[in-house]
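Chain IDs A, B and C follow the sequence of writing; residue 1 opens each chain.
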Amino acid sequence: MATLTVSDLCVSYGSVEAVRGLSFECSAGEVVALVGPNGAGKSSALLAIAGGNRDARLSGRVELDGEPLLGRAPERISADGLVLVPERRRIFPALSIAENLLLGASGWARRSQGLVAVEEMLMRFPALAAAPDRPGGLLSGGQQQQLAIARALMARPRVLLLDEPSLGLAPEMVKRVFALIADQRRGGIAVVLVEQAVLGAVRLADRCFAMRKGRIDGTVTEDRLGRFVDAYFGEVDAVEAVR
Amino acid sequence: MTETIQDVVNAVSLGSLYALFGCGLALVLGTARIANFAYGAAIMVGAYLLFLLADLPWPVVVLGVVLGVVALSLAIDGVAFRPLREADPTTLLVASFAVSVLLTNLAIAIAGARTKGVDFGSSLLGSVDVGGVSIAKLDLLTIALTAATLLTLTVFLRRTLLGVQLRAAAEDFTMARLLGVNANRVIAAAFAISGVIAGLAAVLLTVRSGTLSPDLGVQPVLIAFIAIVVGGMGSLAGATAAGFLIGCLSVALEVLLPPDLRPYRDAFLFSLIIVILLGRPQGLFGGQQVGARV
Amino acid sequence: MSASALLRAAWPPIALGCGLVLLTLLIGASDTAQPLIYVILAVGLYVFVGNSGLISFGHVGFMALGAYAGALLTMPVTTKEILLPDLPGFLAGAPLSTVPAILLAAAFVGAVAYLVAFPLMRLSGLAASIATLSLLVIIQDVLHNYEALTGGAGTLTGIPTETTETTLLVWALIAIAVAFAYQRSRFGLRLRASREDEVASRAVGIRVERERRTAFTLSAMTMAVAGVLYAQYLGSLTASSFYLELTFLVVAMLVVGGQRSLTGAVVGAVVLSAFATIFDRLEAGEGFGPLTITLPDGSREILFGLFVIAVLVWRPDGITRGREVPWPFSERVDSALRSLVEMLPTKRPLGKKG
């Protein structure tokens, strides 16, 4: 049973504190969503958990089943089963779809095993299987997002972090992506989702937290959603909205 | 007409050698983000190794030189660059400069500062008759060896897992690590391949010139640096092509410049390059920024 | 500004200046000449490197240009006729004295540097550094081959050796003062901002290329001054001495001392000069103090190479950690001094018990 525990995570870049004491838990088979405005520190938090920001100062605790992760090399963290689908996808533009997928298996596979796994993954993503040799840079936004998720799945994660997967996608595509995420939950993966598409995130997630100025402000549920949105767009006092 | 063909072969041959220079350096720059000034010193060490081994049968010599330079490159990475993994590009450049000075002066301390003659591959110094034109065997060898090396490298980069990882690391190093690519292994691989190329370059250079000196690595690394900047800092193919272009330009200048200006050939070459950069600061094939991404 | 506030603001150059004067007096004339030239070189390179965060391999080339310009401007007419018969008319004339020669050489080199800076500073940081290397090569090539002006690859002799250690000291102090004034000026501060965060400083409206060009030029002019002084100190010039070895030496001084502060440049220059002198003696077989071993040629560079790598790995900010000379009179010492003064016996009016 994979459980990700984050306690009092702080991330700063120089004198700028992006994350100031973030705490939450996410277990296998559940989706935890973090929503909030830009600059709330959501992406910095995910990147720090996955080990991706090499020039930030980190403090606090991040544990996967009790194993400390904070500050470890990203390749070790991903080998332990925590994989990030980053903001803006960051697929490798000059590499083909198949090569992007193969990369995802870097932590555990030799080439032959990796190629087999690529074939299997392509079967689950027919949109990608159509042209596996196409360079990643030429794909549409929706295809890139699917590729990014598929690539992360190649790493056989127990915990999957997704940073704004709906960014720049048409509503149909967003639905499909969220359905994919729900599939992962069904498969027993712990999912942490950062999103600006609040409604979709709230409906999908088992628990949804509002993040503002580097820490969690409160929980968000569908019925309270209206007041939440108003608060963050300045209509109502923020504290009132999430009480 | 014959002369033109010979000049062209000359140009392609020098271009090939310079393409090797650019390729080896760009490989390490792309993956490890290090502008490795010590690359020239590695070539120099290869040449001195060749001098030491010169009396042995040639396959042993070439293998010995290549393995020696690979070992040196890996050692340089391990000792000087690994502790500086998170440092900025300027620091790494200065560190590589220090390593280069270190190695050059070690060579002076051990072998003396004066130029030595090397007798190796003298059978290659003759010419061959191709369709009525006399072509230097060395030129043919250089072209063939470079082509073979670049082909092998391309196959490696496309068909092996490590090769794909190297290409990914060159595009987005952090993302590659987030997916499980081992940073140190990939960088070591880049240094090793760079070492193979440097070793081969050392062999070709030494056969060409027949001499050795502690500063023989300076010109190759300078050319490699320029090739990288002209080719575009993010592009391996760009640096290789730019190296080739610089070699051809160099021969062209040699042929076309009036005799009293010929000693300034290098100055012209470098000035031309500054002009190219005026028009295209990102390099001929450039696009990617090496350095801070916003 | 009150006198003490002014003193405090200008403390680093004043302290460094006093330190240099002291050292010169203590060590004695003949051994301080080369270190003082190195100080000017280090301070000169620092003006560009320390403020912009970019390394330049080309500035020793500007020193060379200054040296040869200074030589041509100060050599007596008859010497020039013999050694450099093909000199163009305007240079074959009567020699200037030291100060005008320095100023003219610096102006000339400054103009060249400013022109060259236009294409170079458009390049990204790493590419610019690489391009400065090609600058060094071009200058070296020209010096080697333009025999009419430089005497070619050989040694150009006959330069009047009018430079005393006092002159060198004075110019070193001037260089330190100019460097400090620059780094505290608007231009210097803007450039330093771009060093910290290039993207943010552009966003704030700082013209990064323009500020880099200014520093590049000022730095080149300082190196040119050092070049003229060097030429007049040695009395002869060889083109190949202005190439990679000297470049590395000056870079090493900045790295070891701390490339982000003026104090670092001076400290680095003094420290490495000291080592250089020791090693020169050891390499020549003269022994030094209790050490009587003879080191092979190149040992000095090997040591410096190791130094630089060690510093970069363990203390990347160098000896001074990028800080300037601290104001030594801390608040506690200040107030302690004041209370001491108050405790001194003063005249008491009669009739009051003490």
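Observations on the model:
Here is the rule we go by: a contact is a pair of C-beta atoms (placed from the backbone, for glycine too) under 8 Å apart; a residue touches a chain by one contact, two chains touch by 3 or more.
Bear in mind the structure is a predicted one, so any value in this text is a computation, not a measurement.
Of all chain pairs, the one linked by the most C-beta contacts is B-C. Of all chains, the one whose mean C-alpha position sits at the greatest distance from that of chain C is A. Between the Cα centres of chain B and chain C there is a gap of 33 Å. Chain centres here are Cα averages; for chain A and chain C they lie 52 Å apart.
Our note on geometry: chain A versus chain B, Cα centroid distance of 41 Å, whole angstroms.
Taken together, the chain A residues at the contact with chain B in this complex read 50-52, 54-55, 73-75, 78-79, 83-84, 86, 90, 92-95, 99, 102-111, 114, 151-152, 154-155. For chain B in complex with chain A, the touching residues are 86, 160-161, 164-165, 167-168, 171-172, 174-183. Chain B makes touch with chain C in their complex at residues 35, 79-80, 83-84, 87, 89-91, 93-95, 97-99, 101-102, 104-106, 108-109, 113, 215, 218, 222, 225-226, 228-229, 233, 263-264, 266-267, 270-271, 273-275, 277-278, 281-283, 289-292, 294.
Those residues of chain C lying in contact with chain B across their complex are 53-55, 57, 116, 118-120, 122-127, 129-131, 133-135, 137-138, 141-142, 144-145, 198-199, 244-245, 248, 251-252, 255, 296-302, 304-306, 308-309, 312-313, 316.
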